[in-house]
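Could you have a look at this structure, given as structure tokens, before my questions?
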Amino acid sequence: MNTYRQDIIFNTKERVELINITSRVQEAVLKSGVKEGLCLVNAMHITASVFINDDEKGLHRDFIGWLEKLAPYQKNKYRHNSTGEDNADAHLKRTVMGREVVVAVTKGQLDFGPWEQIFYGEFDGQRRKRVLIKIIGD
Amino acid sequence: MNTYRQDIIFNTKERVELINITSRVQEAVLKSGVKEGLCLVNAMHITASVFINDDEKGLHRDFIGWLEKLAPYQKNKYRHNSTGEDNADAHLKRTVMGREVVVAVTKGQLDFGPWEQIFYGEFDGQRRKRVLIKIIGD
Amino acid sequence: MNTYRQDIIFNTKERVELINITSRVQEAVLKSGVKEGLCLVNAMHITASVFINDDEKGLHRDFIGWLEKLAPYQKNKYRHNSTGEDNADAHLKRTVMGREVVVAVTKGQLDFGPWEQIFYGEFDGQRRKRVLIKIIGD
């Protein structure tokens, strides 16, 4: 069995951003040498997500507006923010979008449907954050 | 290490449907010959889900009604739909329900709790869609 | 390839509780002898979750309040509850929080970001429930 580990670092300009990381995960799969196996991609921070969806800008604005309705930014509303933070909403938004994806690796490639793309979802950005890629297989 | 790959194809009659696929995943585990490992089951389309819950028809209607409140179908409300699509809500619904499940394989079986069943959740159906099963282990 | 399986049992005092299980998963990783691989941790019950977030009590109260808004407890509102159950809301809450996490194992440890902790989320407690840990790797 073969395993490979890599992390990717982000410093976003905005508080909330959705960033396509598919090509970086594909590169990691190539470097790993794994032909058949599983690829885990997860946020290492608890106010960020890794998720799979479509790379369409209108849809991304829909996601961001929808998350703001489900879990609005409100500095003084959440108990977590009484600790001096203002990011409780980001913990909730990340929960809706998910921490991680697991993708099959087949014939040395990410085994994707036609529109699947991997995104890093940042909900409390403008500082250093990491994503982990771990690949296991043969 | 052993790996196995299979896909399942759906053509749903309705726009929204929840379909029990547990027996098809169990068959794939048997075919794989894997006794101890992990089984990934994921939607290959970004308006569909794979999730685990109870096979109870009332609960399924609750899920569908609840998702319609959280992310209502509205042809003219979402930016994504200005591309000519009408399925932005389906992208959001699928996000709540999840893209994938990872299930342990133990002694050649899906290692389930008493009520766990695997479902394909379609939110923009009436066309051809695929689910991927990937199993790795010994 | 090496595999390891263990379950953890809970009998919660409250209907809704979030319990930090990180040290128990870490012990399982040590027992497994796996140095490089993947660790799956999943609820075996369909009204409970396993998720990763921060161990901060205010945030946990935020999560519980937020879930109650998204999927309120209402004995007579859900179709599922006409079967004699009163836990339809718990099925929905668990869906928001997720059934499982997959964590990388690197150098014999859970490969975590700085604040990542694993929680069992109970939404219909006061009875016996199980969580499964399955580890595969070398």
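Labels A, B and C are assigned to the chains in the order they are written; within every chain, residues are numbered from 1.
Everything below uses one rule, namely that contacts are C-beta pairs under 8 Å (C-beta built on N, C-alpha and C of every residue); 3 or more make two chains touch, one makes a residue touch a chain.
In this text, all values refer to a predicted model and were calculated from it rather than measured experimentally.
Undergrad: Shared touching chains for chain A and chain B?
TA: C
Undergrad: Shared interface numbers for chain B and chain C above half of all numbers used, same, or below, different?
TA: different
Undergrad: What's the distance between the Cα centroids of chain B and chain C, rounded to whole Å?
TA: 20
Undergrad: By the touch rule stated above, which residues of chain B touch at least two different other chains?
TA: Answer for chain B, listing residues that touch two or more other chains: 1, 38, 70, 96, 98, 102, 136.
Undergrad: Considering the complex alone, what residue numbers of chain A touch chain C?
TA: 1, 3, 5, 38, 40, 42-46, 70-71, 78-83, 88, 91-92, 95-96, 98-100, 102, 130, 132, 134, 136
Undergrad: Considering only the defined contacts, which chain B positions touch chain C in the complex?
TA: The contact residues of chain B facing chain C are 1, 36-38, 51-54, 56-59, 61-63, 66, 70, 96-98, 101-104, 106, 111-116, 136-138.
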